[in-house]
Amino acid sequence: MFQRFRHITALAAAIAAVQLLTAATGKEFFLTQLTMAGYYTLVIIGLCLLMGYAGQISLGHAGFFAIGGYTSAVLTTVDLSAWKAAPAISLLAKSGILTGRADLYGGQILTVHPWAAFLCALCITIVVAFLIGVPVLKLKGHYLAMATLGFGTIIYSVVLATSRFGAADGISSVPAFPLLPGLAVTGGSSQRVANYYFAWLLVTVGMLLLINLIHSRVGRALRSIHGAEDAAGAMGVDAARYKLNTFILSAVYAAVAGVFLTHYNGGIGPSEASIMKSVRYVAIVAVGGMGSLWGTLIMSAVLNFLSLRGYFGTFDDAVFGSILIAVMLFSPEGVLKLDIRSLVGRWIRTDRKAGA
Amino acid sequence: MFLELFFQYLVAGLTYGTIYAVVGIGFNIIYNTTGIINFAQGEFVMLGGMTAVSLHAFLPLPLAIAGAVLVTMAVGGLIEMLFIRWLVKPSVLRMIIITIGVSILIREGALHLWGEGIRSLPYFTGNEVSAIEIGGVRVSPQVLWALGVAAIVVLLLNVFFHYTMLGREMRACASNRDAAALCGIPTRNMVTLSFVVSAGIGALAGCVVSPITQTQYGIGAGLAIKGFTVAILGGLGNSMAAVGAGFILGILESFSIWVMPTAYKDAISITILLAMLFARPSGLFGNSEAARLKEF
Amino acid sequence: MLKVRNLDVAYGSLSVLHHLSLHVKQGEIVTIIGANGAGKTTLLRTITGLLRPRSGSIRFREEEIGSLPTENIVSRGCSLVPEGRQVFAAMPVRENLLLGAYVQFKRGRREEVHRDLERIYGLFPVLKQREHQLAGTLSGGEQQMLAIGRALMAGPSLIMLDEPSMGLAPLIVKDIFAIVRQLGKEGGTVLLVEQNARSALRIADRGYVLENGRIVLEGAAENLLANREIQRAYLGKDVDAENK
Amino acid sequence: MKRFRILAAVLGIIAVLSLPAFAAETIKIGAVLAVTGPASFLGAPEAKTLEMLVDEVNAKGGINGKKVELIVKDTQASPEKAVSFAKQLIDEDKVFAIIGPSTSGETMAIKNIAEEGKTILLSCAAAEVIVNPVAKYVFKVAPSDRYAVEMIFSQMKKMGIAKIGVLSSNTGFGKAGKEQIEKLAPEHGIRILVNEVYDKSATDLTAEATKIKAANVQAVVNWSIEPAQSIVIKNIRQIGLTIPVFQSHGFANIQYAKAAGAAAEGVLFPASRLVVADSLPAKHPQKAAVASYKKAYETRFKEDVSTFGGHAYDSLMILAKAIEKAGTDKEKVREAVEATKGLAGTAGVFTFSATDHNGLDMNAFAMLTVRNGRFAPAEK
């Protein structure tokens, strides 16, 4: 019971330790990529719940990230000042849902307030995840993979085809997201430390939620679905409903990450919605270990950080592919479960067998 | 005019469909013996095309294609032996992820070997502008080549799987791996063989479509997604169904362009296909029994 | 012919067979009886290489086969008729049988394969009638016959049967056991795993009793049949079944 | 316990990575380019060009005696990576200036970052929005699509074309061109009857070509940088359309003409003079720049030069000239870049000002065509 809180405490300590370490060594700029990696980690732990605990693959999770990011980006950048006179708009403006701000070039524009946009993004995500989830989760195996891939493709091509979403250029000049007075989600270097803590606070809270969920009645139900759906059905577990709720929850994680990363980066592009991105999320879950939230969290933080820093140059994909293969070959339960001795033993035995 | 247009769009759809179908067939062969979807299938197509172009620099076209097919078959076999063969009872998802990793590695390898430039084989007959005209509808001879090759491949595969001992053994593996092993069939060799065969078919596909689509190191991923889509939609494990689904997807795309902005082509065709999938969860031509058997 | 010594088998951390030893001599019909989950199927799957033993030795005709792949074990003459038949459902009966002859084809014994095929058709006339029917469309009993026929096509010197009577009507069970007995008469060596203990012991020369992964009793079949404990634990149900 | 050990290991890795790199008296120039991925047609030649030029400059003793250190970051055309890299280059590597990104979307994503970090950004992307409105530190060296479009329209006027079909790819390049075409067509009395966007990785475009055919237009304009631009002209000719085909300056890479083979014959497109360097008269102001770049690039990399690599060449040349003039003070160099006048590069003759951060005009382009598989001036 208390072990899980020990892990959460360790995570919080590690988050603080990393920040202090970077501050001590004068490498605070690492926090930029660590912050971004934090948001991607949020997507990935959500996906880990869906894949590892409910046993449902999703090759379209970048789609939910994009729904969150794009909704917020569009609402907070589309200038409504031309319709200021319209009664609906002025009502919204008075209620605080709309907010005026200066744009990059000194002009005054009227847009939706980031908080309102955030709520809007959440609602859209939940509705879409529900509408997609109901039919899709009836499918199994490769058919499920295909259907979620199809969903991802649809989101990607809609984003890419719609000029409101900036088509291939995406949306830039997304404003800061005010959290508290003096604290906002933004890429400016003055808020770097605060943003780092905010991103990882989200991850920590997300973890806490998931861990409690897994150890609750719902978690047991999920595991029984993973084990054998028919048996779970016989036990009176409403498998379809649990699967759907998990799907929606993991979609919400992705969307929240999408919203905040978009504000942090000051923009979003269609590459965030691409299939390759979804595949990457799935792959990181696999590398971290399907049933291991902690393994997934660590792998996501490390791999995303290294990739965003461009350590591998033009070999980024190649290194990623190699890690993927290596982990899947030698430690299919995830990196935390790597057991070198049994591995070597197995290889030797297979060799002998092949030779015989 | 309307009819002429209709048929011209149909020809376009058949062109798309042929490309998707020849890729989709390859998926089925490996699926049939192993129950896994090999996401590196698109890379086999790319490798075939790229190798053929390289070989064509000093070999006549038929030899270059034959060479490319052989090279890709060797690569396919090698991949199976290095990454799949020695695993003890791997889960399907694990194998899928391995194939994704392999596809990334092949793609990156090709980038560093060939660079990012585009290449293509010459048209087998005629050239870039030639077309065969039938009642106002024009079609490039290469499309007919691709269709012909697809038809022959499907035919040969059917003969192979149903009328040769080796083919039956591979089918036995697919239907029940343990039972096949109990018949004394070396199941692991059959899996290697399925990689070799599907790599060969992918490479051949890569060669015949290369004049139409051109070839570049990154072309595999897009083709794999389309091929995967049609393989699933047709109903896994059935090459004829993959061809059918390929044509359906191609024609859907083509006709969606007629009436809607092209930019939404993928969104429209995939939406329709998903609707079909929801209505028939085991694929358009598959039977639900088979679909229930294989899972992650 | 078959000698299993100190066999340990586990699924992950779950140990299924403990220090199991048994042997089958040339020309014998040996049966292993035991309750559901005693480890009978695990034992047969391990002998045929479908599962890897953790430790212990399996010798077949004086040769260690514990680490060989299944196909090599089968080609050495040790065949298994798996639990639940496992015929190739989408293929016709004839193709199923020919696939069974894979090792014979590999040795280039084409002639013998056709002779064997006729022999199987003689043994199971119903298979001849259904020669071109898909195996999946056969009845349970016919599928069991097909599975036995398929295993025989490999020309095995030892044939192992895993619960051949499972899920079949009593009349058909009788037929199946008659066939097994006939195999023994023709000089074949049979290892029969059964829950249907009485029928199995009636046709067997010797028997083993498997409980929770351990051999708890062994002996001549008639002695086992007469054993009180066995009667109580394994034969009671049979009595009812046969009185029906 | 095991997890703590892993966390400790992670912290350790970070600590090692934070060890300072060796520092020397160099001019650090960052490059944020799409070297691999979907826009590698742009980024790869750009990266190669920079690598080559920096070697050349350093071999000659550097700029004002200071060696140039080039840091290339591969974005794979993802804006989020461009953002990460731009911040990294500015905050951490403290680069003097950034060359790139290759695409408009990435450039727009980091425009603010360059402004905030007071770092000169020389974008190799074409979209008008990059420099309009003008941001103090953001320049671009690729000629604006507007001039390319105007050049095409004036050519159409000469040929008496008033009804056109427009195709473009779903990339930043295609989008920027499409917008300019839509904006400028009415001014030139041209009507767009078909206006379609296709996927950048399209493998066949017969249906799009059919749509063009059905609309009875007098000419087609295609705007893309991907292989699809060769596919589309093949498909147009295959279905029997004989109308003139115009391409964008994205076609100015001979490999596309080669890939389209016979279908490329007669295609009209505006391009910088780089691609016809050999046939340029000796007295042309750009002759020296284009000829030397083309020769050096083609000898070193054994591949045909493209205008995109040329943008990287121009960026570095403009920057080098400004540093030579103003020393190593960022602000002064920025002013020097802004004051560049009459600098002949591969894309044209650059004259920047406080209101014009592109520095090129319509003269940057010449109308070219494909004749016998080679690029040639459209009019003889």
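Order of writing sets the chain letters: A, B, C and D. Residues in each chain are counted from 1.
The definition used in the following text is that contacts are C-beta pairs under 8 Å (C-beta built on N, C-alpha and C of every residue); 3 or more make two chains touch, one makes a residue touch a chain.
What you are looking at is a predicted structure, and each value in this text was computed from that prediction instead of being measured.
Centroid analysis (C-alpha atoms only) places C farthest from chain A. Centrality by Cα centroid goes to chain B.
Once the centre of each chain is set as its mean CA position, chain A and chain D turn out to be 33 Å apart. If you average the CA atoms of chain C and of chain D, the two centres end up 73 Å from each other.
For the pair chain B and chain C, the distance between mean C-alpha positions equals 42 Å. For chain B, the set of residues that touch two or more other chains comprises 88, 111, 261, 263, 265-266. Touching of two or more other chains is recorded for residues 157, 160-161, 314, 317 of chain A.
Looking at chain C, residues 69 sit in touch with two or more other chains.
Looking at the complex, you find that chain B touches chain A at residues 37, 83, 86-88, 90-94, 96-98, 100-105, 107-109, 111, 221, 225, 228-229, 232-233, 236, 261, 263-267, 270-271, 273-274, 277-278, 281-283, 291-292, 294-296. On the chain C side of its complex with chain B, the touching residues are 48-50, 52, 69-71, 74-75, 79-80, 82, 86-91, 95, 98-100, 102-103, 105-106, 150-151, 154.
Touching chain B in their complex are the following residues of chain D: 36-38, 40-41, 44, 170, 196-199, 201, 203-204, 206-211, 213-214, 227, 230-231, 234, 237-240, 255-256, 259-264, 303. Across the complex, chain A meets chain B through its residues 55, 57, 135-136, 138-143, 145-147, 149-151, 153-154, 156-158, 160-161, 275-276, 279, 282-283, 286, 290, 314-315, 317-318, 320-322, 324-325, 328-329, 332, 346-347, 350, 354.
Chain B contributes residues 88, 165, 168-169, 171-172, 175-176, 178-188 to its touches with chain C in the complex.
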